[in-house]
């Protein structure tokens, strides 16, 4: 009754007994998703993609939902899509919370309640997120001479997908589900080549062109109307360690990029420095010190031999 | 009867009423895919991928179609695959045309006729495209010491996929469906990390190795036998604005790369400059001025502290 | 009875006769997957992904397999998953071997036997591979201040996926199925933007952060505890040609990176040079000469105009 | 790129040329779905099943839709499900109408308008249909000693499925889409073994137990509270032919079964006869003449040899 | 992002407001799957089919599981399949129990425990069920002159499927989950046209040939080596009602069929009568009185007019 | 990475060890699909359905294939569909042959050759089968007053599906693959409730109306223009046994039905008798003796108590 059989290789023996034993032995030291002897279910990448698709469809029903929606049907669609999506999300939030230190030992009831409160807060944030995303799409339309319609920007720009995922992931991060936020960010990274840490703070009218290789670190802060090109890194210069040599996590170590900054392809900006408002950072620039507002930084010259 | 139920979360209320209202209000200003009160259907990313897969299978039946094809069956396969694929494509062309200014208000009959004419011209271009692709695969075989067979190049090289999509997208662009061409380019970008604008003109025997992060802009022109490595940018230096400050779209602003040029990883070449035939541009080079034929450009030295 | 019909476009004729003829003519010179008049079946990308997923599930059953596994069930799961997976793998190995020169003309029986021997050796390598992967995950946990749990590293880090694929691909390469190894590497490249040639030798406790644009060449050798950031290239400087001008394949031409080296984002290291143990290579550095142990290499300064 | 390859059988030739020719010749006389040289699209069995599933879910959301629905979400679900379902149905109605003599030559606009009017009338009938179905389920609960809950009757009784399909099919028949109605009836027949012609008129509180082999003909009329068991036939005795010997279609030729009649397993009732109110027809009875109200008809005795 | 769009019908309004209102009103009286204001999840037909398929595969691994199993792999397969299947079953048992009067108000913990106990008892019954099924298949091989191999009986006989489902459903019924048992029986009915109530008791070496239309009632008792043909009914003659006129449920009202009885096609046997051991009941016979062992009952003669 | 996880039931232990042991013991006596220690692969029900669907599409391309086919595309479709379908069929024939006594021990090469010869002969029979099926559809159109178009008969009549499967199954039976033929017959039985043994011989212009419960035995012979209604049995009266009491298989034991016979619902005709040309057999008739041409047989009367 199973129709997906592998092509049978007859009676080949793989001598698996000792391999299975060795793997069992190897597992003993790494049973890290068990806690007090019970497994913690992991959030599901597939379901989280469905959640992001569902939210996208609710935010932009005719672009990401169903093009045949009209005045009569659109609110039914939005309502039903949000319900299904939030029912899916709350379960993922519940799973992810179990990996947060403060919920590792929480009772099931308290955990479920917390997951619902977070999901409800996420839902309430959606109109605000939509407004930000509209500003982002308008920034793309204004900033790319190759863009010919809003529909093209919503369907064909990896930057649009990356920002959409980021704004949702950032909301989840802010609401206290960093694991789920990180998973959403990684999905976007895999789809677009753009890697934005969900904790990064990014203002409205944000535009990333091409985008492959962009990295924006955990504590980066970007103002309004920032524009980035491919392969821009907003990273950390060094990682502070404590007295025992262990990494100190969460301290500000990524750049602050003020309003109206443009950063061209391949620029690398490292450390808790500030790029002043209205500055332009040239392609391939390597920058580890703050620059004042209105700066225009470019790379050293090449030589032609 | 629906087997894909979400895990039910009992009787949770999400307080959606005000959220749905807020989203409705937010949508009012952005109903941009409606025109004269009716929605314009968007092209489908999934169907376009099926179209590219179908064309690939028709062009290279034993590699991308079915390996069991033989003299008796291959033309039936090619014929049937092309028919199904062109029937799918014509519908996507029709949808995309509706977003071109000259067809926004076209009557349905005229639009359908135009879509058919474009699709028929696309079909007629396929033998020529196949010849170009064969030259590209041969260039990879000749240019990469790690390549051991043509099959490996066709199955395992992201550059092959990127060029395949580009040659098809460029044809669609040239035939007057830029939206669809852009969508095809974005699919290739997501699959390979290589971002080639469909309007870019690229000669035969083109080879991109590794490829992640390559960006080739809208008005770039590449000659015969050009070879690129990962993270090469052929971009614009600045965007001309008109008297009112709006971007001027479509003007030549990306490089011309003449025949037999090699550009190594991470090089950034910006503006309407010319890289003369037979030149070699070194890795990470930043180039904004034309170089004569036979140039050999490399980066400034590092210092070891 | 076929439910996936394309939208019918009525009775459109595409004038395919001459196109099909032209494609047939074009195919005649490129029938390269035929050998002595018979087609060689190509390995399947989809099946190879299933194989990697199956192996991952057998190695880390609760993370990549099924979270509900317990003491009673886990070994049944591992055993059954390995059997299904190895039965799938042996067929792919058989197909891939046919493209190796020494097996192009092998009889079916000998080929099948060889495929089984390779698959059995692959299975026997799995406990060792698991130990390496555990060291890699621990290196990520230790090296990234943003990482908060092992589960997060296993689910949300592209570097984890890239290394998992690489360790399996490298094993297949070493066992004599380079084509299959290359295909696995390309899948990882498409998923993560990280391009590691399967022949590259990489020691334990390896960590790649962010990763997009990383390229590691065929003959590269990396020691223990190496850490890379996005867009690092470990490439070849030039390709040796033989007397007739043809590429000489397989000679050592990529860097040796010794133990405990850190290489920051965008660094490009080319040629058969050695980066001495404990060195730090700064971001965007362009390096084509060996550096002694303990070196600290950084890029030239930018100028602010 | 096609992952569902059949197992290749190498280079087998099937000598198809003459077979394809013979099939083409054979087709020439039977091109009956073409009209004036263009094909009429057939309604889709799969889509019609989706339509029935969608309507079922809208009528009984927690049984046939999603069990997690609550006061907040249920009307969004019903509204969205109806919209999607009616959008699907209107296309099937349009296709089916093309096979009705009066629409064979209709212009596209008129056809589309008619299909919309029919679909809108179908939607308006749904509350009435729901009330009938509720009476049917209650009749099953009252009439079967083995029934233990309404949920069991809705999920596990083939009679429930058959009546559900019939009430929808009958509505479509009455609204002028007999082809689509017949297709729905055939789907129910395949699922349940119960064959009810969509034109048959059936009152409320109808119950079929077991059901396999039940046949109810085109012009049958059943009153309120009728109960049937498996293998009951309500058929025609003979088919009237006209002067030329051709069948006269549509004349009343099946039984009238009045209120409160019970017909046991295997009974065969043929011709335009009347089974009077409150009668009981025994198992395996063969009845071709009317019986007055309150009759109790049973079979002749068996003999034991 | 949703690829399964219905064909858009433009801006058709279906006037759904009043219909949705009417359906809401209609639902108020029939919210029968809610209990104390919360919905009881229904068992899933699809999951139950997966459970039966899983059990079948565990019982007959090479016929219903995977043909490539060998000495090394078969127990891993059986163990893993049982685990997955029992994990699925326990959830369905839990849902079904909620519909049993004694568990309607049970606390979640007690319900889960009961579901586990039942599932564990079901698992323990499997070897005994397998032995019975083997006897059934052997009876088919011995009793049908058209049968040519055991494989044919296991793959091509609807009677085999019906008995397989019945033996599992009967076990579930006996263990106290009648709702789930009934659902399994209905699935078998839909697949085969054979309708066996899960409470019916059936001895070993049971064979049903052809089978369409067979009905075996709730309290029927069949001995060893019984053979039935198509359209045989073992039904109730009348339904006892209590003083208030309500049906009395569960009383013995179907036949007892002793060992070694053969009942030919279309025979109808009704009421709590006994068919003595070794009897033969002819086709189409209508029997409502007990017959002694060794009887040979046949139908009255036909007349040829 | 597996997205279809069952709902985890935590750490439930099912105590499977002894169950798995008992099942292993139970299997030892029934390893009947092994022969000389190796498993014989079973034909696949799913693939055989694909084969029948493929053949149907090749025979009636616009009804069962794709409605958009036109003069240009139809032969490509037929050719490609036949190739794919025959490649699938030959593998199923190969598997089925292994269960025929004369091929149980055949070498792989001989078996493959035989499978190819059979498949090629099957292909050559298709034009003849199409002609028969056209006559069957015309018989339905002429014989059912409720039929309104050929399309309706091809899409909505279970008899059409049953005859289509039978004509293909009979061809496979005649060519020497009885196991595969039987599997096809059982698929049709499950879809339609009509059970025709593939060995039965049936002339052209055959029509079955309603059909549920029809059984036609292995050695039955039906002439031209025969018409059957639901629940008709053409069965065996008794099964001859040999001296040792074992069933004698394959001897003629089912009826011969001559040309132009009509048999009404529920009639049971048993044994190697002849129903003379032009006879009419009434509903529910039980017939075990030959009747001359032109007979009109009907049932005894009922009594009304």
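Note that the chains take the letters A, B, C, D, E and F in the order they are written out, and that residue 1 is the start of every chain.
Here is the rule we use: contacts are C-beta pairs under 8 Å (C-beta built on N, C-alpha and C of every residue); 3 or more make two chains touch, one makes a residue touch a chain.
Protein identities per chain, from UniProt: A, B, C, D, E, F = serine O-acetyltransferase.
What you are looking at is a predicted structure, and each value in this text was computed from that prediction instead of being measured.
J.: For the pairs A-C and B-F, output the one whose chains share more C-beta pairs in contact.
T.: Result of the comparison of A-C and B-F: A-C.
J.: Is the contact between copies subunit B and subunit D built from the same residues on both sides or from different ones, judged by whether over half of the numbers are shared?
T.: The interface is built from the same residue numbers on each side, given that over half of them are used by both copies.
J.: So, what's the distance in Å between the C-alpha centres of subunit F and subunit C?
T.: Subunit C and subunit F have C-alpha centres separated by 49 Å.
J.: Hey, how far is the Cα centre of subunit A from the one of subunit F, in Å?
T.: 56
J.: Between subunit A and subunit D, what's the gap in Å when you average each chain's C-alpha atoms?
T.: 50
J.: Touching two or more other chains, which residues of subunit C qualify?
T.: 5-12, 14-16, 39, 41, 45, 66-68, 70, 72-73, 75-76, 78-79, 83-84, 87, 193, 212-213, 231, 266, 284, 299-300
J.: In the complex, go through subunit C and note every residue touching subunit B.
T.: 6-9, 12, 14-16, 19-20, 22-27, 29-34, 39-43, 45, 99, 178-179, 182-183, 185-186, 189-190, 193, 195, 197, 199, 212-213, 215, 217-218, 231, 233, 235-236, 239, 247-251, 253, 266, 268, 270, 284-287, 291, 295-300
J.: Where on subunit C is subunit E touching in the complex?
T.: 7, 66, 68, 72-73, 75-81, 83-84, 87
J.: Touching subunit F in the complex: which residues of subunit C?
T.: 1-2, 5-6, 8-16, 53, 56-57, 64-68, 70-73, 76
J.: Quick one: which bits of subunit E touch subunit F in the complex? Just the residue numbers, please.
T.: Its residues touching subunit F are 58-59, 61-63, 67-70, 74-75, 78-79, 82-84, 86-88, 90-91, 116, 119-120, 123-124, 126-127, 130-131, 134, 142-146, 148-152, 155-158, 191-193, 210, 212-213, 229-231, 265-266, 283-284, 299-305.
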